[in-house]
Amino acid sequence: MTLIVVMEHQASQGAVDALIARLREMGFDTHLSVGVERTIIGAIGPKRPEYIQQLGAMAGVDRIVPILQPFKLAGREFHAEGTAVQVGAVTIGAEPLVVMAGPCAVEGEEQLLKIAREIKSAGAHMLRGGAFKPRTSPYSFQGLEEEGLRILALAREQTGLPVVTEVVNPRDVELVAQYADMLQIGARNMQNFTLLKEVGKTQKPVLLKRGLSATVEEWLMAAEYIISGGNEDVVLCERGIRTYETETRNTLDLSAVPAIKHYSHLPVIVDPSHGTGRWRYVTPMARAAVAAGADGLMVEVHSEPEKALSDGAQSLTPKNFQQLIEEVEKIAEAIGRDARQNVIGVQVNETQ
Amino acid sequence: MTLIVVMEHQASQGAVDALIARLREMGFDTHLSVGVERTIIGAIGPKRPEYIQQLGAMAGVDRIVPILQPFKLAGREFHAEGTAVQVGAVTIGAEPLVVMAGPCAVEGEEQLLKIAREIKSAGAHMLRGGAFKPRTSPYSFQGLEEEGLRILALAREQTGLPVVTEVVNPRDVELVAQYADMLQIGARNMQNFTLLKEVGKTQKPVLLKRGLSATVEEWLMAAEYIISGGNEDVVLCERGIRTYETETRNTLDLSAVPAIKHYSHLPVIVDPSHGTGRWRYVTPMARAAVAAGADGLMVEVHSEPEKALSDGAQSLTPKNFQQLIEEVEKIAEAIGRDARQNVIGVQVNETQ
Amino acid sequence: MTLIVVMEHQASQGAVDALIARLREMGFDTHLSVGVERTIIGAIGPKRPEYIQQLGAMAGVDRIVPILQPFKLAGREFHAEGTAVQVGAVTIGAEPLVVMAGPCAVEGEEQLLKIAREIKSAGAHMLRGGAFKPRTSPYSFQGLEEEGLRILALAREQTGLPVVTEVVNPRDVELVAQYADMLQIGARNMQNFTLLKEVGKTQKPVLLKRGLSATVEEWLMAAEYIISGGNEDVVLCERGIRTYETETRNTLDLSAVPAIKHYSHLPVIVDPSHGTGRWRYVTPMARAAVAAGADGLMVEVHSEPEKALSDGAQSLTPKNFQQLIEEVEKIAEAIGRDARQNVIGVQVNETQ
Amino acid sequence: MTLIVVMEHQASQGAVDALIARLREMGFDTHLSVGVERTIIGAIGPKRPEYIQQLGAMAGVDRIVPILQPFKLAGREFHAEGTAVQVGAVTIGAEPLVVMAGPCAVEGEEQLLKIAREIKSAGAHMLRGGAFKPRTSPYSFQGLEEEGLRILALAREQTGLPVVTEVVNPRDVELVAQYADMLQIGARNMQNFTLLKEVGKTQKPVLLKRGLSATVEEWLMAAEYIISGGNEDVVLCERGIRTYETETRNTLDLSAVPAIKHYSHLPVIVDPSHGTGRWRYVTPMARAAVAAGADGLMVEVHSEPEKALSDGAQSLTPKNFQQLIEEVEKIAEAIGRDARQNVIGVQVNETQ
């Protein structure tokens, strides 16, 4: 890796010498640059993240600036082509837009089968629904667990829609993988490294949601955990980050879409339901996500939001979901998803 | 205004009585609701913001929940129709999308006239450019001041494009108003109330940028200052908020667009240049902004970004700006700007 | 629970009736308050968090304001006395200040035993050290795992200092509990509910770090998971939250200390090492934490920070740790830890 | 200034050559470092902030890392000794702690004189009170303006306490300077550069509050505006930053105190009233601020908080303020304000 070590204004010659000696001991080539104001040392050497902290602890060091993004497998630098991920008959990251929809939680067989039929007829490509629910309160509905998985599989049988559902416990990865077509890692688990390693061992595609306060870099590092574990089928999902703004449940960071396209070859979709927390804003933000270049959407839909066991306030009715589909399809055409590589390519690779 | 006063769990009867007495003294009608866990008092009375803090200071009070949004003139509640603002021959807030473009700063006559011609031929509707520049560092270029205004007016003569430019000093409002067609209040001045009152006295349209860490409510309250001062021609501009994410200069909060449409009748445009800080992300986010329902865009364009006196890294070349225009026009068609009222109307007013 | 339902300005009578009908169906008593501007409905009824979202999805509802903090067992409302947690011979939450210290990671037997002796002679009361390390990068040192636990137990034998160490995998809770005196839940796992439930089943005291972007309320809800699982020995640890400020690794939110004292009976300590990320700021912030009323500190110490396998830049040398102890002891005296209950009591319970 | 230019992975030789040519044209000496993964160019040359943006716009550039903090006059690098600022008979930044107190707003002669006498007898050293009030709502009390200044001057006559009060309009700087001993720049005006330049022309000491979302660096750059304008008597005031946490009005960032001590020679005080927004937390955070090394405090006090025209909920009663003083004095002794230079010196300059 490449590091820039910036010494303090008053750093002694001894401190500079000690630092260079330590860098060489670590196996770095060093370039010394003595300025009027500061001494700067450029260093190129082995990829050992802990070295950054160690050098930061040395006398006279103001700060260390690491240069290369720490991700390799998830990065576009060594994998220029975009990746497409196959989930059953659905391809995520290719030309056509992919829409995943369904209730926040699987509440029962009748409820889910009804919604599954409704979203399919509206034009959704995949079914979402939670069987294991991570809830802020221990007193909230925690999900139907395996029974919920069974119902999801049944809905797939009846509708043909591949199923994506969340796994929260490393112990349950195999179980969920038996029923689901795609494993979802929720925002609160984006840095649950034990869970990331576990799904990295499976061959199921993984939907990796961005953490509530994760940077784009940390998000890609979480993907790196899964890929370096042996599972290359990772799809990223922007779902809003936490900011001071309280009008929306989260702040949907759509600039993460072109940023991911710039740094990574992985597909990226957007969840405007959690991203806004209010059904009113879901459709406009779904349109915006597609216009920004997202490969797909994940939308919460419920036949009776006012009776949903969770997230009612951000769930669309089937009728409004139908309209969302119509509107986003127009946007998808407008940005020429049939020529997406080119369009996005222009944004990403061209230099002015 | 309407308030909900929540008493502490252990609040004494004396505290409750004192509070109700004080509320009545303030002129409120009160509704007492005694729960097992808490006592709640609903109160309806005169609109006096300071009362909220006063009541919050009373014994036994846990918190005060004010109900009505404090803005009246900027709000949609008493002004259901969207407002359109006229700037020269350009209408902002009506069906057609409005694109403002130009350099961050006016650097000289030749530079500005060249860019003005370039953006006009690319399809821009208004010219932007800073004559007075608020800069983080006192050592940065501070703008050409009146000479810059003169050059902007000259560019208008030659191109016919109305001019929007920032005013930073209450003393200069009249001066800037003599040259410009629209007065811009920058993000750092969104709560410079002296300046807001000053522009409220003019009859020039005002472009009010959102503060770096302003809530949607505070932003609308800033608009309220201008309108209550007598100037109703206010256009809001989302330009990104400050978050922990460092990949982008700011985090462009596009959900503010449907939120503004929901709460206010004022037009809202988006500045993807400051919103991202990186030219690469400007076009995708411009597309997204239009798809979210924005009435227009403000984009930084420079003939030679690598020689710009400010914001080079986020400025588009005329060539890339041309492409931005082509792409956003497709999006504008797709969301049927010719039927915007309906489309947006659906998002904003329908109940599920 | 108690809810305030705020209707939209233009809500129809039908919407209000439907809402009241639904509230009664849910088992709520309702108080209607019709204002000029808004209709407000106060409702008292069963504690069912999902109801909040369901009502939020109904026609004409602007927003729902839940009144009671959702936590019961962690809250002070029904448990006015402060709780003290026993860890071996050490009591956390009583008069004396408790200082936990040690390296970020256990790197080897010699390293840990050396540091353990050093921190003990400096006056630390407990030993910290990671055997299982959650790291942002899969390429970073991940910890010695069980071997690390063995070494920690050995250090306890030799020094008599109780050991606190992190558990990251629900599967390892029993294993870690065999070696450690206190189980640490790291910031990234604060909402790893599977893990919280698992430690809730043990009888080991738990140190619950605040999540990077957790509110005080979410933090207490995480404690609620552990307590409602059957384990009452929870100690909270403020370790900094994520903000836009990059000068420090995190922003240490010391106001969380009096806030926790106000809402909860649980002890709270502070980690100024992660809270600042820079050794220079650790001692001043440790003094500040004690002055704010913290029951203890967790400080990273390393004999050779410049060779630490992690967090070198925020680790104190034993010499500086010694000084930290001397300085915080003076502060502890100054706020009269021997009369802490009173002093803090005054801040927390008195009404002006 | 010193810059590190990081090229993109795929940057062409032509791009590298063009960049070096441009750097030389700008007057920089360059050091080329070609790594396996990236090419890095170190450059030392003239201090021209705009160059950073210009280079960022060039082909093949990934990012520019500027090395030296951009502030000179406010920085400690060329001014190792701490500065003390004289306000009447009071010295800020020397050994003794300085406490400023008073109401948020001057509401009338009787009110202010009463509070002034109360805070003086409690031990305050300076009187604060707003005559010009920047308020979020145009419908809130805006201050008594010149009449308020007259009353403040009268209170000084009667109590001998120097007066600090806010100026919000560049036009009023002279007027306020005629009455006040210290000019306050409020958080919302920290980047009101017109106002900063205006107070830079006076010889009155300035209290510069940190902006709601300002970094430590931006804050020091704001001080740089004042000092470079000719006024060296600047005192910084930490008053909380905006974060996602809603329990407190702002998040008081006490780590800014040692950070300012590290980077700057200017005195720094803390305002725990705005920093927390809740009177309950003011005293613990005042203790913490002093323990962190603050040179003083600014505290809101009101004889009848429940009737205050603003900020009642965060104002202390004289009785509680009296107690605050007693508690912070103990902390001041404990950190040896009489040996502050040494103590703080240790934190700031020592290398481990």
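Here the chain labels run A, B, C and D in written order, and each chain numbers its own residues starting at 1.
Going forward, a contact is a pair of C-beta atoms (placed from the backbone, for glycine too) under 8 Å apart; a residue touches a chain by one contact, two chains touch by 3 or more.
A quick note: this is a predicted structure, and the numbers were derived from the prediction, not measured.
The chains that touch both subunit A and subunit B are C, D. Relative to subunit D, the most remote chain by averaged C-alpha coordinates is A. In a homomeric contact, the two copies may use the same or different surfaces; for subunit A and subunit D, over half of the interface residue numbers are shared, pointing to the same surface.
Subunit B and subunit D, compared by their mean Cα positions, are separated by 27 Å.
Taking each chain's centre as the average of its CA atoms, subunit A and subunit D sit 38 Å apart. For subunit A, residues that reach two or more other chains under the stated contact definition are 57, 213, 242-244, 246, 279, 305, 352. Partner subunit A is touched in their complex by these residues of subunit B: 213, 215-217, 241, 243-248, 251-259, 262, 275-276, 279-281, 283-285, 287-293, 305, 316-317, 319-320, 323, 327, 330-331, 333-335, 343-344, 346-348, 350, 352.
Only residues 1-2, 4, 6, 9-10, 15, 31, 33, 35-38, 40, 42, 44, 57, 59-60, 65, 67-68, 77, 242-244, 246, 351-352 of subunit A touch subunit D when the two sit together in their complex. On the side of subunit A, the complex with subunit C involves touching residues 22, 47, 49-50, 53-58, 70, 134-141, 168-171, 188-189, 191-194, 212-213, 218, 221, 224-225, 228-229, 242, 279, 302, 305-315.
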